[in-house]
Amino acid sequence: MMICTALVFFMHLGFAFLEIGLTRQKNTINILFKNIFIITIGLLLYYLVGFNLMYPGEFNGYLGSIVPGIAPPENGMTPDYASGGYTWWTDFLFQGMFAATAATIVSGAVAERIKIGPFMIFTIIYVGLIYPIAGSWKWGGGFLDELGFYDFAGSTLVHSVGGWAALVAVCALGPRIGKFKDGKPQAIPGHSIPLATAGVLILWLGWFGFNGGSVLSADPELTSLTLVTTCLAAAAGGVVAALVSFLKFKNLDLTMFLNGILGGLVGITAGADVMTPESAILIGAIAGALIVFAVSFIDRLRLDDPVGAIAVHLVCGMWGTLAVGIFSTNPDHTLYAQFIGVLCYAAICLVSAFLIFFVMKKTVGIRVSEKEELEGLDAHEHGMDAYPDFRLNEH
Amino acid sequence: MMICTALVFFMHLGFAFLEIGLTRQKNTINILFKNIFIITIGLLLYYLVGFNLMYPGEFNGYLGSIVPGIAPPENGMTPDYASGGYTWWTDFLFQGMFAATAATIVSGAVAERIKIGPFMIFTIIYVGLIYPIAGSWKWGGGFLDELGFYDFAGSTLVHSVGGWAALVAVCALGPRIGKFKDGKPQAIPGHSIPLATAGVLILWLGWFGFNGGSVLSADPELTSLTLVTTCLAAAAGGVVAALVSFLKFKNLDLTMFLNGILGGLVGITAGADVMTPESAILIGAIAGALIVFAVSFIDRLRLDDPVGAIAVHLVCGMWGTLAVGIFSTNPDHTLYAQFIGVLCYAAICLVSAFLIFFVMKKTVGIRVSEKEELEGLDAHEHGMDAYPDFRLNEH
Amino acid sequence: MMICTALVFFMHLGFAFLEIGLTRQKNTINILFKNIFIITIGLLLYYLVGFNLMYPGEFNGYLGSIVPGIAPPENGMTPDYASGGYTWWTDFLFQGMFAATAATIVSGAVAERIKIGPFMIFTIIYVGLIYPIAGSWKWGGGFLDELGFYDFAGSTLVHSVGGWAALVAVCALGPRIGKFKDGKPQAIPGHSIPLATAGVLILWLGWFGFNGGSVLSADPELTSLTLVTTCLAAAAGGVVAALVSFLKFKNLDLTMFLNGILGGLVGITAGADVMTPESAILIGAIAGALIVFAVSFIDRLRLDDPVGAIAVHLVCGMWGTLAVGIFSTNPDHTLYAQFIGVLCYAAICLVSAFLIFFVMKKTVGIRVSEKEELEGLDAHEHGMDAYPDFRLNEH
Amino acid sequence: MKKIEAIIRKSKYSAVKEALHEVGVNFFSYWDVTGIGNEKEGHVYRGISYSTSDIQRRFLSIVVNDDFEEATIEAILKAASTGEVGDGKIFVSDIKECYRIRTGEKGGETLR
Amino acid sequence: MKKIEAIIRKSKYSAVKEALHEVGVNFFSYWDVTGIGNEKEGHVYRGISYSTSDIQRRFLSIVVNDDFEEATIEAILKAASTGEVGDGKIFVSDIKECYRIRTGEKGGETLR
Amino acid sequence: MKKIEAIIRKSKYSAVKEALHEVGVNFFSYWDVTGIGNEKEGHVYRGISYSTSDIQRRFLSIVVNDDFEEATIEAILKAASTGEVGDGKIFVSDIKECYRIRTGEKGGETLR
């Protein structure tokens, strides 16, 4: 369990590599800064308010308080917390590593044009308040849990929550300069495909911890099944995405292959422990196909999502959540409950992200100036270059 | 055990980094695509046919079938599978992560000139059929196991199996343009030594899982001895390779240091659990020296192996297998049995790889056109650049 | 425990990435070579002499010898070594992974101008002799242990030991050409901020193993608390360092953010198991602030430490050690004992490092020629380029 | 024939390219250079603020027939200017002869 | 003295270099540029196909004495040509004076 | 106006830059090129020793008024020389006209 926490922590490097790899070098420092900020502040916020907000009932016995506060349970170290499987501290840290992920997803979608200050404000509110409140509805034993909604490791609670905010942010910000020309999407290639690839493999590694650890017990039977479904879905997602994009675009597109793997992983996350391997492969394969169409569709909507965050996390997150209703080996899981769950999360995320971004847009502004965008956020917001020893092309 | 699986999975990033680091940037996407393809398809194939092929006897009780088929055991989740140490699912995933490695080894050796389609076909046949069949001879309880042949974690079953195919492929393909000039080998430096170095360290990390997990039990005594022998052999291999290449070429050659580490790791793999630390250091040291001579020797044979896969995986794999016969603390291990084992694997691998590559060479062709090779496989097979923001030298 | 060993091993990649990321590309191969050398030779030396030197009493029952020697205990594999928690082999490997770290810290501080031969000699003496002798004073049950000095996982025993030597080395070497102009420090930007960032995240990951494994038992209560304090201190260190450097320099400086995280990690290391989370945050925050001032202060002293090793490992190492005397939940820990401990380590390290470096300075010389330094150590000591396919800027 | 060398801001490249296409100049080569001039750029690195006058710029090399000279220069002057220090320079020099490698033919008509 | 500037395909560089050595031209400098011309290159990125006329090329700058001009140009024309659009151009211009930094001497003999 | 192109060792760049500033030449552009010449550099890669005459150099392009020509060349010759093979070359050619993009003005006074 503690190892799983370490692996989930490591996913942040995966996200960072993926995001910088798929964007231009002139914004690299900015993206890294945002990601490092998200990890550190996310952990601190989760310590301050998030964990109590998210698991209110669970701690009544310890804390007796469900309002935000900085008092952690005083005797959470009793080793028989969680029937001996792990301690309160481990639980906190594992969940805390998740918490930041929702903001990281947004970070990728808004890359290369958002002002860093407003993004920090968004992160603080979203990670500190919205994510734990939304999370408590299911994982904290809230009304969606009562309803029978199932989300094993966060297809909806983590990925869609990030994905919906990404969608709102992308709409609020508008596309990068040069992304659409006469209404037609243009390619803005990422600056380092090796780093992007490494990012995806690191994320996959992290998913061993993400899904493996979410079993929240050391039950080897369930954990090992979970890892098998996770890996098979990822593999199927990748292969199908590569295949579909080859058929569609006559090209062996590595970035689609990578996105397909991620799509498969996100898709299986909601039900990794209640699937047969066959279903896992199917869920992954459908997620892989969805990715290719979703990326193109989002382009056609004139939304500019540099790293494909919406396609991966929102579209496949929803698919995965609904898939539980279809493929779960547990008859208690119904498509209806899953559907309600998706809707509820859509509601809270869309509304809160809308409020945050549009208030900021009207007040401080959320987008950098044209000059900054053209010359790169690194030079203007950080006064630094990511690769000062290399000769660069600019676009 | 599940963690070991994760670490072995992570080795694929190590291989990817090593291979792109030691080749030119213009083929980077192509290599990454191949590697990602190998991982995903390898896992799916191993699910479909490989596992049953490789461990036929083991599952008779469950499945009753040794022919290829898509039916996984229906009650493999019984936790007391493998006397309680791990579950069937874990076993499958751990072995599945290995499976792809044989093709990855070949991928490095054929880099920068092989057509991607035929390579995919090779991967599917080799990973899907040859590797599991060959593997069953020993790990599946086949005739070599009866004979007393010992290969702890795959010096022969994984590394040599890849190495033999790499040798055949390199012969079939011929050297890259510019590798030999008037019969003399030329240097074609790899484009990113930092990534290559990272690759080796990641591979070493993975070996903790590879050898540690191959104990196939949580016995701390044996596992910890295994890790110690593994690390000492790696260290000795690196230091000796660096020293020998310094004496031979008057140069502190980092790539030889790195290859030496890998050589030591491959060498110890066959007997990591039956060695004293002293023997491990000796085996590693000899592997390190072998590497330096093998790399030069292969060059002199006018074989072009960009990443040194043959020297590392085949030469050191054979050495390590034979070394079990010499140094093993278990008197049942004989040099004779080891030798027979090496020969049998040489036979099946050479014959099958020869058939696959030469049939393809005569039909679809296995080598890209001269123009593609000169301008880079990325541009032609993928229509993408790995580093679009950087100014590049071309050679 | 074995996993923790693997994570600590992986820290060497973190150090390597951090060091090359914060220096210029023309010295990349040289730095990687040094780091790989440190890992491999460090492990071999620790096997030969280090472990016995460092834990002399502990093995009396087994070995009965405290003098350096190559005889490892013959029955260390008894699984009930260390009351069943782990085996002798694991213990050796875990400690052996630490051993090299002290030299790695120095490697960063002396980068871009030290001759590689003398650095290797220093490594061998310092890692082979000084570090284990100094370590035995506390962890081997020596006089500082008697005194009540406490250092959980090495704020002093590992980080300060490296930091003091780094200080001596930096004084002995003098600054890089161009670092000070008319007495004022100049910026020499590192060549790859993404790799530096990855390095820090990998180091953080490694700290899960470093501090987690240092509990030296699988006690989930203590281990999980340790991980929580570790992560919170890191997060607080980073955020505060970023904030302070923003206030001081009006700039969102990613490298300071990263150094702050490392400072927090080093700071908490001495007392990770005896802190409340609140204290951990405070210790991390103070470490983060210290970093910013220390980096500037060291510049003002005209000491040239390219990666900030002295600020991170020495300053925060001392702070962390003293902090145990202030914040520890264990009343036996006194500021007085901590202070004595810091002094003793300062003494042995300063004296021995001084002797090593100044003897070498007078004999073989420790600094490369001006021409080598300007054209890069890679070209002269290794005859290789790190990035031959990229067009580079030189400075 | 004239060689027109323009040193411009990188961020103005797209505008200049379009302006050139508009006046019918469809052939040129460019690369990135570092310019030393009046403009200064502020940087901060690990607590050290420094300003550098070494600024990355784009160098366009355009060979045109004499009758295109004026239009080309006009186009660049208009598209590349921001009015702030650091907009760059245009240098004009003579070209004696020019060849198209594909066909081996020489002279001014190879330029279109 | 003449300056011969050749813009060629990167993949033809080795051939050109050898051809130059054969006619006794052993000194030159080169760098990589982006060329805008008739040739187009197809790319695909995340489902968007696009073609760009910005193609990486190699720029050779060779200063030779007048009597070498012809041979140099011949050599390049032959070695760099594929017959397909995008083979590049050669431009010739005058050099007034030239110095060898090592010795400080000037004039045409510094070019060999 | 004259264009002075100097190909120098990269390690001599700072010295040359300072020397130029001393004689009042504060404007120029530079980029890195590969030079083919007499100098050879030894490399080793995976056991293969090879020497290459493709050496990275810095290319300075300085446009000055005629009265600055001599001082500029002197400055470079002195600052860039080591006396060993490979110090590089200086080439001088004519510039017909020059424009400052910021203001649109032309002529020699735009060069300071």
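Order as written gives the chain letters A, B, C, D, E and F; numbering starts at 1 within each chain.
Quick note on the criterion: a contact is a pair of C-beta atoms (placed from the backbone, for glycine too) under 8 Å apart; a residue touches a chain by one contact, two chains touch by 3 or more.
Just so it is clear, the model here is predicted, and its values are computed rather than measured.
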item	value
Both-way neighbours, i.e. chains that touch subunit D and touch subunit B	A, C, E, F
Contact-graph separation of subunit C and subunit D, given in steps at minimum	1
Comparison of A-C and B-E by number of C-beta pairs in contact, larger one	A-C
Centre distance in Å when subunit A and subunit B are each reduced to the mean of their C-alpha atoms	33
Distance from subunit E to subunit A - Cα centre to Cα centre, in angstrom	50
Approximate Å spacing (C-alpha centroids) for the pair subunit D, subunit E	19
Multi-chain contact residues (two or more partners), subunit D	31-32, 34, 43-45, 93-94
Overlap residues in subunit C, where contacts from two or more other chains coincide	3, 189, 192, 251, 253, 255, 382-385, 387, 390-394
Pairs of chains satisfying the touch condition	A-B, A-C, A-D, A-E, B-C, B-E, B-F, C-D, C-F, D-E, D-F, E-F
Subunit A-facing residues of subunit D, complex	10-11, 13-14, 32, 41-45, 56, 58
Contact set on subunit E toward subunit D in their complex	2, 6-8, 31-38, 57, 59, 73, 76-77, 80-94
Subunit C contact footprint on subunit B (complex, rising order)	3, 7, 24-26, 189-194, 197-198, 200-202, 204-205, 208-209, 212, 220-221, 223-225, 227-228, 231-232, 234-236, 238-239, 242, 251-255, 257-258, 261, 277, 281, 387, 390-395
Subunit B - residues contacting subunit A, complex	2-3, 5-6, 9-10, 12-13, 16-17, 20, 28-29, 32-33, 36-37, 39-41, 43-44, 47, 72, 77-79, 86-90, 92-93, 96, 116, 192, 195, 381-391
Contacting residues of subunit E [partner subunit A, same complex]	34, 43-50
